[in-house]
Each structure stands twice: as C-alpha cells, then as structure tokens.
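I've put the structures underneath this note.
Okay, so chain A shows up in both of these, paired with chain B first and chain C after.
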Partner chain A sequence: MTGAAEMALQPRRFANCVVLSPGGRVDHQNAEGLRAALAPHLAHCATGRDAVVLDCAQLEYISSAGLRILMLAAKQVKTQGGKMTVAAMQPVVAEIFEISRFNLVFQTHDTVRQALASLSPEALAAFGS
Partner chain B sequence: MSRPHEPRVGRIRAFGVLFLALLVAASFAEDFPGRQWLRYELFDAYQRIAPRERASAPAVIVAIDEDSLERYGQWPWPRRLIARLLVEIGEARPAAIGLDLLFPEPDRLSAADDELLAVALAQRPTVLAIAGTGEARGVNNLYSAAAFRVTGADPLPFVDRYPRALASIAQIDGSAASRALISAHVDGAVRSVPLVGAIGDTLFPGFGLELLRLASGVTAISVTVDAGGVSKVSIAPDVPTPVDSNAHAWIRFSRHVPARFVSAAEVLERRVAPNVFESKVVLIGVTGIGVVDQALTPHRERVPGVEIHAQLIENIFDGQLLSLPSSARALERGLLVLGGMVLLFVVPRARPLPAVGIFAALVALTAALGVRAFDSYHLLIDVAAPGLGLTLLFGGLLAATLGESERQRRALREVLEHERFAAARLAGELSAANRIQLGMLPDPAQWRDARLEIAALMEPAREVGGDLYDFFKLDERHAGFVIGDVAGKGLPASMIMAIGKALMRSQMLRGGAGLGAVLTRADAEIALDNRESLFITALAGVISLDDGRLEIASAGHELPWLLRAGEAPRSIVVAGGPPLGALEGYAYDVETLALAPGDTLVLITDGVTEAMDKQGRLYGRQRLAALLATIAPGAPATLIADAIRDDVARHADGAEPADDLTVMVLRWRGN
Partner chain C sequence: MRVVFWGTRGSIPVALSAEEVSYKIRTALLAARGWMLDDDEKIRAFVESHLPFAVGQSYGGDTSCVQVDCGGPEYMVCDLGTGLRNFGTEVIARHGPRVANTFHVLLSHPHWDHIMGLPFFTPAYIPGNRIIVHGCHADIEQALRTQNAAPHFPVDFSQLRASFEFDRLEPDRPVEIAGCRVTPKKQLHSGDSYGYRIERGGKTVVYSTDSEHRMDDPAEVEEIVAFFRAADLVIFDAMYSLAESVSVKEDWGHSSNVVAVELSQMAGARHLCLFHHEPAYDDALIASVLAETVRLEKITRGERPLRISAAYDGLVIEV
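Moving on to the complex of A and B:
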C-alpha cells in the first residue's frame, strides 16, 4: 500500500492548543502517514478540550489525497465539537486550498499567532511568552 | 536435498525395489536369450585381459608341419614313417606320447606298415586318439585302459556322451597303451574340454588327462558325482583338476606359443636335443596347412587342435585350471542386490551426470572384481549378469527419476499457468472495471452539434481510478458538461464516480433550480452514504449554444483554462464551493462568463498537474500554461487534448502514473 510513509508533526503545546507542523509534500505516497500522525491529536480535539492548529509554514504541497485526510480530520473534529484551524500556508498550498475550496472547510489564518488568538486567549498568552 | 523432494524419491525407490526384485527373480532363469553368449564373451574377456603365462613346459608338440610335409610327402604319411617318429621320440624317454591322430583305415600301400606302427606303439607309453561320433561307421566296442573309481551317482547322464567313436583300426588301436577322447567342447571358441566322456555306456578319459595319468603311473581316475552333476575328477589327490558339472575342465589359455612345437622333420633327422622330450608328455599332431584341425581360442587365435591338449596339460600341471564355484550364482546375485541398493540410494537423489558416474564406477568395480577373481583365484564369476541387471536397473531408475522431475516440472508449470490465468482474470476484471469506467464516458465522436467542438480523453492509471467527464445536450440550445475526480482509488472510488456522474447528469437534465442547486444536491447525495469519506472534486457547466453564455461552477476542482485568440492562456477563477461530499449542505455559487466564438475551454484533472517524473517533480501549472501557449488558435480540440496528454507523458518519462489523467476541450464556434 502506498501512502503509509511516516510523517513527523513536531507538536507544540500552547495552553489548550496543539500546534502541528506537517512539512514537505503531502501526496498519495504519504497521505496515510499524515492520517496516522494526526490521529492521536485529533482524539483529544473535542468540546472543552484541545484545539488543533495546523501550521503549514513548512508544507510545500498537498495533493487531493492529502486534502482528503484533512477533510476526514475536519469531519471528525466537527463531530467531536472540537476546533481545528489552518495557519501560515505558503502561496502554493494557499492556492490549492483556494482552488479546492478547502478554505471553506477550514478556517485559515495567515500566522500561527492569529490562529491561536482565534482559539483561546490562554494559548495566545502562552505563545507570546 | 531438501525434504520436499522426499515423496518423489520414495516413489522412485519403491519402483526401483520392485524392479530389482524382478531382476533377481530373472537371474534364476538360466536360459534367457543371450545369457550364455554374454557369459562366454565375459569369460573370453577375462582370458584376454589376464592371459596365462606359460610357466613350465610339461608338454611338447611334435608337429607334422609344413616343413615336414615338404620333406616327407603329403599327409597321410606311410605308417612306417610315424613308427620311425615314435622311435626317435622314444629314444629321449618321454613320460607319455599322445598321438592326436586317427588311423581308421589300413595303410594304403602295405599291411607291413600297420604292423610296424603297432609294434612302435606297443613298446612305448602311448595314448591313441578316439573321437566321439554319431556316424554309423564308428565303433562302440572299445574299452578304456583307464579305470574309473566313481563315487556317488552314475556320471553317464552328465558327461559328454557319444553313441559311437571314430577310432584307429583294431591292429593299431590295440597296440597303444591307452586311448582317449580328443573331442573338445566348441561353442564359437574352445573354452573347456571334457576330462571324462562316454562312448555308449563306457567312460573314457579325455586326451590330456589320460596322458597325465599314464605319465604319472596312476591306474584309476576317480570321479565324484552328486545330484547337480559331476563335482570332482582327479588322478591324484595332490593334482587339483576342477571341473564343471559336465566333467569339463575350463582352460586358462595362454597365447599361442611357438616354443611348444618341434618339427617332426627335425625329430626324424635327429636335429633335436634329446632332453627336449625327456620325462615330458609328447603330443604328435598335424599342423601343416590344408590338413590341420584348427581351434579358436578365447584369445581369438586359431591354433592347431593339438595345442589345446598341450594347454590343458599345462593347466593341470601348473594348477591353473579355472573353476566355476557352485557359490558363483549366489555371489553374482549378491553383487546385483548390493549394487542395486547403491543405485537405489544414489540415483533418485543425484543429478543425471553424477548418477551416470556412480553407475559407471559401480559397473567398473564389478568388472574389476570379476577380473581379479579370474586372475588371482582362477574363478569364473559371471559379473556380466549382475552388470546387465544393474544397467537395466540404472536405466529404469534414471528414466523414472527424469520422468518424475519432468512430472514435477509439468506440475510446476501448471501452477504457474494457473497463477498466470488468475492474474489474467484479475487483470481482466480490472480492465473490465476500466472498460466500465471508460464505457460510461460519452464518445466525443458521437457529438453532433457543430456549434460546439468537443474533445475528451481519459488515461486510467493502473489501479481503478475515479476520474470522470461527461457532456450532453440539455435541450436544443444548451449543452451541459462535467469533469470530476474522486479523491481515492479502487472500486469504492469507481462506485462514487459512477454515482456522482449519474447524479450530476440527472440533476442537470432536470434543470430548473440552476447549476448551484445541482451541485448542492449532488453534494448532499454523495455525503449521504459515504463511509469511505470520499469526495469528488468537480467542475460543471452549461453552455448556451446560441450565444456562448457559460454558466460554470466548481466543487473544489482544478481551474479550467481559457484559450482565446490574441490572449495568453489563463486559468479562469470559477465560483463554487468545496468538493462534493466534503461539507454537507453547502450552497455553491455559480460563475457566468460570455464566450467569444472560437473561445476554447481546457478542463483537466489533477492527473495532469500532479503527474510526476521519476524524481517526483510535478508537471505543474506553469508547464501546462507554457504548453497551451504554443498551441495555434483554431487548432482542433482533439489536437489540444492529445498535446496535453503527450506532454505529460514526456514529463513522466516512463514513471508509472499515480492517478487517472483526464482532459476535456470545449470550443464554442459561435452560432
């Protein structure tokens, strides 16, 4: 099976927010790796618990297979009553989000700071310190 | 060898054991065709490989040779000349004189000659020849000078027996001290001579044995007979004379030795040293051309018959006679079984060439054993029989082994065939799925409205993909089109693609609420039963064929490209929403554009932009834009579609495509 290549997300916690930073390219070869890496963080992303920020500063490209994983994540978080935002996309990724209208699926922010600010003051405080 | 081979080895061995048992059973049968011939050929081979060396010279032949016949006239000689010869020989005091000659008629010239010979014979220890015959002119009233002391059964049924004998006339015959049979056993070659035979019911000694008896002064020859035949013939306990059951002695032949011979002419002229005959057995025979009785030895030499008797005497004297031990058969069978077991162990496991080597070594060993037994122990062991048996067994085993591996190869080939068949069937299923996928797509060649030029192609990736395109008339003035891509592969993606395409077309044909509502409805339907969480990116549009008005909406799909005369190719931003099935209940916006006559829309799926080369580099939008820029305005739509496909293939440079590739080109020609 393709798509199972591992992916490191380098999670950083700011108060009740977890910032995940996928890097490089996400396509059909490593989309499942992204899914697996996201899974434990998504499990805690629910009402009254963690919020997730996807920091896309290192993400160079995402294919439709990768978008599908993000869509699955969005659906799961929505069901759990959690919040998940996308931040700091490079122009290419931003274009992909625009074309595929995934900017309608996720809230997007120009920076991680803005994303955290939209989620919780505590997180913003923790990020700022 | 590995264990998986054991069952077949077992099968071959079982066959081999059966075969060997059959061969052992066959070895009891004496008379199968060629057996005797094979035995004799083998025995002759022993003789040739290890010929006897003439050690002592107990017998001397006085040869009435070519020289003698030249000097003293043609045979038969006057009997006074024979008498003179006997006198000359007798001067040297030989132990015995044997005349390998017959005088069946009175002398042609003078009765006095017969008398002279009779006197000469009577005065010396002489043995006259008699020959067994079935002819009526033979006699059957002879008596044997040698006494026989028989122990056990009657030897008559076992020994060579003739009804009558050719003998010399009574006057001569009666003068000699003894008479003996000169008949030898001839089967192609002379191999054995009888030590005892019979004329009628009377036992007679063989010529050589009788001469030795006479020379040694023994009166009786003892003969022992048991149920199997004659077991022993002897003139003295210390002179071993092994015989076969027919009382034949098997001679170990030397090659022809001229030193055995003395010319009768030299004897008559006293040119021979006296001690040549002293205490020897002297044989007189005719060797001259034209009269000679000749015999073929196992050495394939033609020698005068008299030399055979000389050889026998030498054999007895030197203890060189060969024996066929009664245990020989058991020994031969033992060799067969032993060698057979070696072959049974080795052949089914070995490759053919080493197996042949081991077989050859086994046969060589058996042959060496036979030669050694012959040379050192004067034993005639028939190793040809076990050798032949081993050869047959080896052939059988080899055939069985090769047959078995051929059978295995065939079985393996069948498995491969089966796998190939299964693979072909799977490919068939896949290609069937591909055919369904492709078959669901409309054929641009069937489009019959000149106002709109349509080209479309899809290149499915190896796995079943989920690209789709569609175009159709909504009514006389409107054409609808859809291009889509299911995120994901395999049959579920195919199913969603089929559902999505059917949904879109039916929704669009129903019309009424507009393109946005069509997408919203499709989005909801796809989200409804979508456990795989697949989604479809799609681009749907309606072209007004009369005036070029274009309604277009995107559900998260690759942007379309617009080729317009005098302008650079550009991707047009299209209103819309997220992919179908991604967000439920989304209200899709619709974009409206006005096409000029000749305007060309190029719709693609990400199989184009995300096509990768072997280094993982994407085809990308820039390259697409560059390609489109090279296309002349008004170039046929199909040419544009093909150009894109070919350029992508050039980029991939043999890399396996990961996704379906779909291109649809629409050109409004104006009304």
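Moving on to the complex of A and C:
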C-alpha cells in the first residue's frame, strides 16, 4: 500500500442521500485515495441512515484496483444494511463495469436523478428543488 | 519460438456433452443452408471461415500443458496437466518409440490439475528418455511419486522407465534450460505458484498461470509488470470475472481477463493469451469472454495495440 492522496469526491447531500463524484482516472496508483475518501461516507451508509450515490459523470476510467475498492465498499454497505448505487457512467466506464461483471454488483442508473428516485422520495424532492 | 497449447482448462479436465455436440451440429447445419457443400474441402473452408469458433470447433478440456519449442533438439513443456497425454502421443508419432528424447518440464506448482497428465505420458514409460522437472517447490518429486502410487494409480513411479531428474530453481534467478533463458517468478496462489519468463533470440514468452493479482500494492504491480515487460506472448490465468475474483472467489488464487489486459498493457506486451479457462464455461461463454476482452483492450488502448487470444487445445502460436 502507498499513502496515495485522498481523492476529492465533492459530496452533495440531498435529504438522506449523499452523492459522491469521483473524477478522472482511478487506477492502482490512486485507488487507495478513493478508498480513503469513501471511508467516512460508508461509515454512515447503514440501515435507517444515509444512502450513497456514486455519480460517475466525471470518471473517465477505472481499473481493477479501483473496482476492488468499490467491491469492498459494496460489501461494507451490505453488511451495514445500507444502500449504494452508481449513476451517470461515461460509456467507457459503463463498458468496464459490464466486462468486469460489476454491473451485477451494483444497481446502475443513467442519471443521478434516477438513482435518487430509486433510493428515497425525500432525496428526489430535495434534488429537484 | 513456437508455442503449442496441449491443455488449456483450469482445475479439472472437461469434455463436451452429447447435448453440446448436438447443439453445435444443429447450429452448423442451420448456418449451412443455401451453401453448396458437396466435398470435404468446401465443408472445411465453410467450418473454418463461416462458423464461429465456438460452433465449428471447441476450446477443449485438457488441463494445463504448454509446449515451448525453442528450436533445439530437447523438448520443453510448462506443466504436466492432462494435455501432456496428447503431447506424448505426438512425440511418439514423430520419432517412433525407440528414439530417446529429453523433456524439460517447467512446473508452476504441484496441484493436481498441473501434474495429472504424467501417469498417461507414454515417453515416461520408455527407457532412454530423460525427464527433467524444473521448479521452485521443494516437494515436486514427492508429489509426483505419490500420484504414481497405490491407491491413486496402479503403476508405481519406480516402474517408470524414463530417467527422472528434479532441478530446484530459485525465484528471480535466471537459468539456461534447453537453450532458453528461464526466469521463475513467485506468484500468489495457495501453496505458491511460479510463472516462467522464457527468452531466446530476442523473443520472450511468459507463462503465468494460477496467479491472483490484487492490484492493491503499486510495488507488487510493478514487479509483475517487469516480469511481463515487452513480452511477445503472455499466457495468463484469466479464469474468473474480475467481480468474482475480488468477491466470492477472492483468495482462490486466480485472476481475470480485466487484470490480464491491464498488466499486459502496462508491460508493453504484444500478445495476451487467456488461459486456464473456468471448467464450468462452455465454448460460447469462453468466446464471449474473448470478445469482451478484445473490446476492453480497444477502449483502454495506449500507444500500441495488444493482440488478444483465448487459448484452446491445439492452438499454435509462432513467436
């Protein structure tokens, strides 16, 4: 492991949902930074607490190392009874999700709005206001 | 160098079922409607040019055994899986049973799918043949002796008439074997496995099977990239999907097509051959994984393209 810089996720809150926006390229050099940035948000992603949406609109590429971090996140959230979805993937990232079978791990949505709608009416209302 | 794949399946040998053969024939006959296929030459051309590989042919089901022909008089094979049986048959057919040969074996590890071909390797029963098993594990000779003994097999190892030698290699230390420079590399697998970088005349083949790559330590990634660096051919364990390999099959000691492409691209390799196919996969699924891997390479390509193949029993790659 290396001490990769924590990735900026630009968290936005809509009612009981937090939208996180990783950007650029995530690979084995900076995946640890993604893990560190996700950690505090995942801690609150549990039954009756926050849900998390990964807004991938600015994510250009994600390698196996980055996907492994997402798998660990999915496992943690499942254990805690929380919900986490993925939205707005660019075509390349969407293909990587399919080829790696991560489309079977996460519910994916075309837009953040659709992702929020699937999680919480309150979050959808907050997003639209 | 010339690489011949005698066995390409992971974990356990498999065979086509009656229903799978029937499906291939029905699909082929449907595809042949309207064609004038009235002699063997036309039928062969149709099968090879117009049918998908997964319909007209098959990836096969023998376990790991890959011959690396370096051009010299001595043979070299990576692993002793069930593909070894057909390799032995071919050697006997070429030379006849009375010509003595030397066989160098580069053993990745002694798990059963990588050694179970030896009891059925006809040259092992012929006096004058010399079999030198190279590997980094301390217990290779014991593993082979145990396999060729009651109650596992009726012919005891002591009754094999070829001479056997066991050459303990050290990881990362190159040695000359059959005119090639061979460098073993320790890999992540239960009980350890070893990949082999085989170099001769400016050409490089890397045999890297039964290896899990977590890709979570940049230093470890760089080590593997250096091992694959500028290889003309990388033979890579791509048994599972990435999602499987980092979840339900984590620590099972195998890797994925996604990691195969990443490491090969980082290393600047020319040709990636997906290997050690999941035994539960049928031909159509392996073909689908190949198509997806080709697509992944295309959408993630850097400065130079990486050729992608899926190994099948009988595949020959000239390097």
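Simple rule for what comes next: the second predicted complex is superposed on the first by the 126 of 129 C-alpha atoms of A that agree within 3 Å, B and C clash if a C-alpha of one lies under 4 Å from a C-alpha of the other, contacts with A are read in each partner's own complex, and residues count from 1 in each chain.
Here, contacts are C-beta pairs under 8 Å (C-beta built on N, C-alpha and C of every residue); 3 or more make two chains touch, one makes a residue touch a chain.
Because the structure is a prediction, the values reported are computed rather than measured.
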item: Fit or clash - chain C, chain B, common chain A; value: clash
item: First, second, both or neither for A:101, with chain B first and chain C second; value: both
item: Chain B versus chain C as contact partner of A:10, first or second or both or neither; value: neither
item: A:32 touches, of chain B and chain C: first, second, both or neither?; value: second
item: Partner chain in contact with A:58 - chain B first, chain C second, else both or neither; value: neither
item: Which superposed partner A:75 touches (first chain B, second chain C, both, neither); value: both
item: Chain B versus chain C as contact partner of A:67, first or second or both or neither; value: both
item: Touched partner set for A:111, first chain B, second chain C, both or neither; value: neither
item: Stretch of chain C penetrating chain B in the combined three-chain arrangement, among 24-32, 60-68, 96-104 or 114-122; value: 60-68
item: Contact residues of chain A, present in both the chain B and the chain C interface; value: 2, 28-29, 61, 63-65, 67-68, 71, 75, 99-102, 104-105
item: In the complex, chain B residues that touch chain A; value: 485, 487-489, 533-535, 537, 554-559, 576-579, 582-583, 586, 606, 610, 616, 618, 658-659
item: Of chain A, residues touching chain B in the complex; value: 2, 25, 27-29, 61, 63-65, 67-68, 71-72, 74-75, 99-102, 104-105
item: Parts of chain A lying in touch with chain C, wherever the complex brings them together; value: 1-2, 28-29, 31-32, 61, 63-65, 67-68, 71, 75, 92, 95-96, 98-102, 104-105
item: Residue ranges of chain C in contact with chain A within the complex; value: 213-219, 221, 241-244, 246-247, 256-259, 262, 292-293, 295-296, 299-300
